[in-house]
Amino acid sequence: MVGGGSDAFIGAIHRLAANMDGQIELVCGCFSSDPGISVSSGVSYYLPESRVYRSYQEMFEKESALAPGERMDFVTIVTPNHVHFEPAMMALERGFHVVIDKPVTFTLEEAITLRSKVRETGLVLALTHTYSGYPAVKEARERVRRGDLGEIRRIYVEYPQGWLSARVEEKGNAQASWRTDPKRSGKAGCMGDIGTHAFHLAEYISGLKATELCAELNTFVPGRLLDDDGAALLRFNNGARGVLMATQVAAGEENAVKIRIYGDKGGMEWAQMEPNTLWMKWTDKPVEMIRTGQGYMGPTAKHNTRTPAGHPEGYLEAFANIYRNFSLTVRARLNGKTPQNEWLDFPTIDDGVRGMLFIETVVQAGYDDTVKWVKFAG
Amino acid sequence: MVGGGSDAFIGAIHRLAANMDGQIELVCGCFSSDPGISVSSGVSYYLPESRVYRSYQEMFEKESALAPGERMDFVTIVTPNHVHFEPAMMALERGFHVVIDKPVTFTLEEAITLRSKVRETGLVLALTHTYSGYPAVKEARERVRRGDLGEIRRIYVEYPQGWLSARVEEKGNAQASWRTDPKRSGKAGCMGDIGTHAFHLAEYISGLKATELCAELNTFVPGRLLDDDGAALLRFNNGARGVLMATQVAAGEENAVKIRIYGDKGGMEWAQMEPNTLWMKWTDKPVEMIRTGQGYMGPTAKHNTRTPAGHPEGYLEAFANIYRNFSLTVRARLNGKTPQNEWLDFPTIDDGVRGMLFIETVVQAGYDDTVKWVKFAG
Amino acid sequence: MVGGGSDAFIGAIHRLAANMDGQIELVCGCFSSDPGISVSSGVSYYLPESRVYRSYQEMFEKESALAPGERMDFVTIVTPNHVHFEPAMMALERGFHVVIDKPVTFTLEEAITLRSKVRETGLVLALTHTYSGYPAVKEARERVRRGDLGEIRRIYVEYPQGWLSARVEEKGNAQASWRTDPKRSGKAGCMGDIGTHAFHLAEYISGLKATELCAELNTFVPGRLLDDDGAALLRFNNGARGVLMATQVAAGEENAVKIRIYGDKGGMEWAQMEPNTLWMKWTDKPVEMIRTGQGYMGPTAKHNTRTPAGHPEGYLEAFANIYRNFSLTVRARLNGKTPQNEWLDFPTIDDGVRGMLFIETVVQAGYDDTVKWVKFAG
Amino acid sequence: MVGGGSDAFIGAIHRLAANMDGQIELVCGCFSSDPGISVSSGVSYYLPESRVYRSYQEMFEKESALAPGERMDFVTIVTPNHVHFEPAMMALERGFHVVIDKPVTFTLEEAITLRSKVRETGLVLALTHTYSGYPAVKEARERVRRGDLGEIRRIYVEYPQGWLSARVEEKGNAQASWRTDPKRSGKAGCMGDIGTHAFHLAEYISGLKATELCAELNTFVPGRLLDDDGAALLRFNNGARGVLMATQVAAGEENAVKIRIYGDKGGMEWAQMEPNTLWMKWTDKPVEMIRTGQGYMGPTAKHNTRTPAGHPEGYLEAFANIYRNFSLTVRARLNGKTPQNEWLDFPTIDDGVRGMLFIETVVQAGYDDTVKWVKFAG
């Protein structure tokens, strides 16, 4: 693991998710750019000091010198965005599979380079777009794919949060600090941090690709250096239209990811804060409440479910689904076997490039009052 | 009443709403452009045949010839949009107060002319934007006004319906037929029919005025002549930003008007399909569920509530609030008294002009890929 | 109308409900046992003073002396429980149909006597158990009747309120005052006021009859003279089992009537505070959300619905359904016609007797720790 | 681990919950009474064959012969109820701490004997009443304890499930098979399996003890040998009254544990299927939505929360809270330290005895029509 020291947030989430299924063991790490924190963190995670490294360069070097059965099988990169590319490249070059947090890199160019490296090495890279890890989201995709909604016309995806309503980055909030800093976060603030999740969710469920967008980005909190809010109109490759709304200044909102998709035959709705329910809507018959854990769920949803209906699964289980599918895939590769299709269902470098393209495009469109539609370059 | 024969929809709603409080009595009408339907309708409403007219021209003429205590006090106009302006002008010219359905006229020009006539005559005109008639919406406005949310930053207003997902206007659906016909509906379809409601709600609660918008309008159902879907980014006069979404092809949606407003201190949410609840959201304390009929509600909400908390009020009561406030105001005028402030809280010709301006602007922006922002002319 | 002066609550509700459909006109009344209040109330309801009476005895006498087309067609009795029986008997004896609030009388004996009088006169008596007036409740009954749930096993019906959590009857709350007074309310407080509603709802939807019950009644507020809380286990005539919970000391609850019924094939759930939704639950397929106003609703629900789906109907519309069906039935009788089956769907004296039997039985069981099950005498 | 082979349900849940926090490692087990299944299961859990045992007797014997640092620290018992007591006693006698599924034993007598053994050995025993592991439930208890609701008057606790609506125990459902078999489940079916959870939740949150109950137990599915449904009226030691409803034949229900508690100052409501929300209700101010992960939560809830607000935690996290608190406590003991108060917050043998007492009492009352109230013997 690179990053995720005792002072970090998302690293702990990664460890919880990776632990859950008993398939993955933390064996080494460089948990902080501060060597002291790295060591104390590693010890608190029950690692031997010999496997707690003072830099990720050291980690890759020493781990790759270990025997195949002893060295780590893959690395998880949970650092701020500006420290994604280099360790990821280094990992791939040393032959390690990679789990990496989103957005995949600091710039679109890095993402494209990384994609080449992944293709070149044939290694596995998983990107933690958690929300597509939920069973009900996977069920939604299956139902779109098999045509339940008919031709897709309309997508609304939204991601309101409120935690950046005030300038908390000035008050010691470490999470806010790097996310609002262009040097560590990248071109976009809100759109990079959560807009990419919303964008990924829309493309993942619908199976469509956005081709152009019209947007406005805003910075509501005085003094903040990146967008903390924005909205975009989207056009998809089949002619469908979308609205994407992301904000971190919706005071009082927690983490209200929600998506609605409508086709000519029906509609669907899913909200992350009640993640085990998928609503299917019809013009001529009752709305149906599709529930995780029920026998009528499709095989992909079932593969990604651990508990019976009514025993709610949550964010960590969705996160763990990425890790589990990734580890099943890596293990198959290590054993020279072909992974099952269901195991391959986790976000990859391709999704990472799409996300960076989204950031690029939405930033270009978001501040320019003279150009309405900006095409996706990819 | 002009329109609202036994074959119409909204006329029946108007009568239910007008009846409810025992303050208004239907005394005459021309209920259809088909004289036979007009007469049979009037008789079924228990009117004497002498007060059922074969044309609205006849109605205004004969009614104004009656003695003041006998003739109607006001007229309700519930015809399709292209038959709004003429009877409304005629009514005002004859000295009758007016209740009229939205959008107020067929064109912006008509609305402006009508506004002049209202101002000139000093008569009362109420526009039935039903959704601002709900007590919880009035409470929301009061709370914004007194600063509970702080400075408003972000407004999301949406109005998804699904009933026009197929081309029902070709299958004998009378409601669909005129609403999708540019000759009877006007420049806009979905945006005129329901977009105006959403727009009114946003301006009503927030107390802000939109100054420019960026939009895309769509027609998803092949062969349809007007927009059945659209979305707009809005800029408000205080710098707040909005998203307005309206669609009639969200298959499976009923009438899901919803608004969310966020300021620097808190947020609020109201959804028409659970109309007695207003959610207040805060960054540092629990979300509050504000409920119609509770003792802590403000005086305007209370004035517009008929039942105790937990005895749900609905669409007809919201509609009746417009009628009641209108009739209280008219009665005060008839008695030479000054209406109370709370009675004056119903949509007027000014809201009607705003709605027509919205239609004008959103249609101009909605089909032009070369201009991003279009200013409101008004 | 007997009762319902300007100082009363439920009388205003009755007038709103009766007005709504334009089928009923208030023509006379004795609105209070205080003649001054009766007169001032009547005048404020736009009645001529000649039709505002100082006692109900006077009203029945003078009205029955008027010509058939002029005198009232029926009377509404909205007084406290101890003044139900006498005016109801008087009305029937003078040939007037009756709408009466629940519980139908002060004692079971009165109810039985009143039932004899109704049968003897052949007049129509409607009892305002409002909750069975909701379209979704009527749909629920139809679905049970046609066997959707299979054989009914389990009924949970509950009615929590919180407004009597403190001793508000001592603080000038007129509604609380008579409801907690054994001389005006009868043997039961909470169980008479709201328990009877819950009981009626259970029998109405299920089509079953309770045959015995086991109960405990409680008075939580010190000094109160009647039960303010209670729960009962019920046995039904087909072997189904029920739990009925009613309380007026559930602090913070509004008017949360809710019923759940389970058979061997499926279950259903309806909650009054979101009255337009009926949930149908199945063991092997998704829960369905059945909605008032949808095309798939049955004819009885449709007959009792005024607005399209998504335009919420509420408590007053449910109340108005009783008045509308009653008035359709009375009008048919007056015209010598046979009422349609759907019109006859309102609570009658038989429901009134069932309610009084429930009160009798639950009070007998509710304070006796030595007898577990008490049979319904009827 | 005793039980929890690849053919079992709850064992997998235990492993997921134990893994999550990286504090517990599965080191050995006897996973089935069938040695072949035990071995194949153990291997699939990545255990060396030497630590996979063919009987629990063998396991305790061989493990206790290992060196302190090598042998297991505690044992988890996840067998059907009739195989709880013996391995638990054996574990305690050999000096192993115990995690055990509920109900704690097959009979009340066994539970009492086990309690003596726990007291005698001073070892730690945790009982997996999962629902009290949720952060919002812990917050609820804290709020009751500090008096937010005032004096408790009324408790409603319910646990409807539908999975036993048909006789699935005859169709190869292993979970149903032992739960409906008096030889493996004990005196009670539904009441033992889920009624005990509801009972525990009521006592845990309220801090009260039930003193007597009045109940009816039912078996709705023909041929079934134990209760599949029941309801009880409860009396608590402070005079509060309760209703407990548990059923496994509520067709279409998943796992709808819900509790409502009302005092003279306010009420609260929590439902397991939306576990991160606790509703606080007040007579004179808005209902509050208390949410897991928010800064205003108390220290106990925070200690048991892993993710920020809006990132839903679920059943496995609640389960893991029992394991984490248990392991913190055991580790403190192993290190000779005093566990923090918050760590001690997991169900113990005392809760186990209460549960068995509940079963004993509810079964005694549930089939006897001649005795109304039965006192708790304990």
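Of note:
Each chain gets a letter, A, B, C and D, in the order it is written, and its residues are counted from 1.
Here, contacts are C-beta pairs under 8 Å (C-beta built on N, C-alpha and C of every residue); 3 or more make two chains touch, one makes a residue touch a chain.
Being a predicted model, the structure only gives us computed values, none of them experimental.
Ranked by separation of Cα centres from chain A, the top chain is C. Interface note: chain B and chain D, two copies of one sequence, contact each other through mostly matching residue numbers (shared numbers exceed half of all numbers used). Looking across A-C, A-D or B-D, the pair that copies the B-C interface, with over half of its contact pairs the same by residue number, is A-D. With centres taken as mean Cα positions, chain D sits 55 Å from chain B. The distance from the centre of chain C to the centre of chain D, with each centre set as the mean of the Cα atoms, comes to 43 Å.
Shared contact sites, meaning residues of chain B that touch two or more other chains, fall at 253, 280, 287, 291. Contacts from chain C toward chain D in the complex involve residues 149-150, 153-154, 156, 158, 160, 162-163, 165-166, 214, 216, 218, 220, 229, 231, 233, 241, 243, 245, 247, 249-253, 260, 262-267, 280-283, 287, 368-373.
Chain C contributes residues 280, 284-291, 294-296 to its touches with chain A in the complex. Those residues of chain A lying in contact with chain D across their complex are 9, 12-13, 15-16, 19-22, 26, 45-46, 161, 253-256, 272-276, 291, 293, 306-317.
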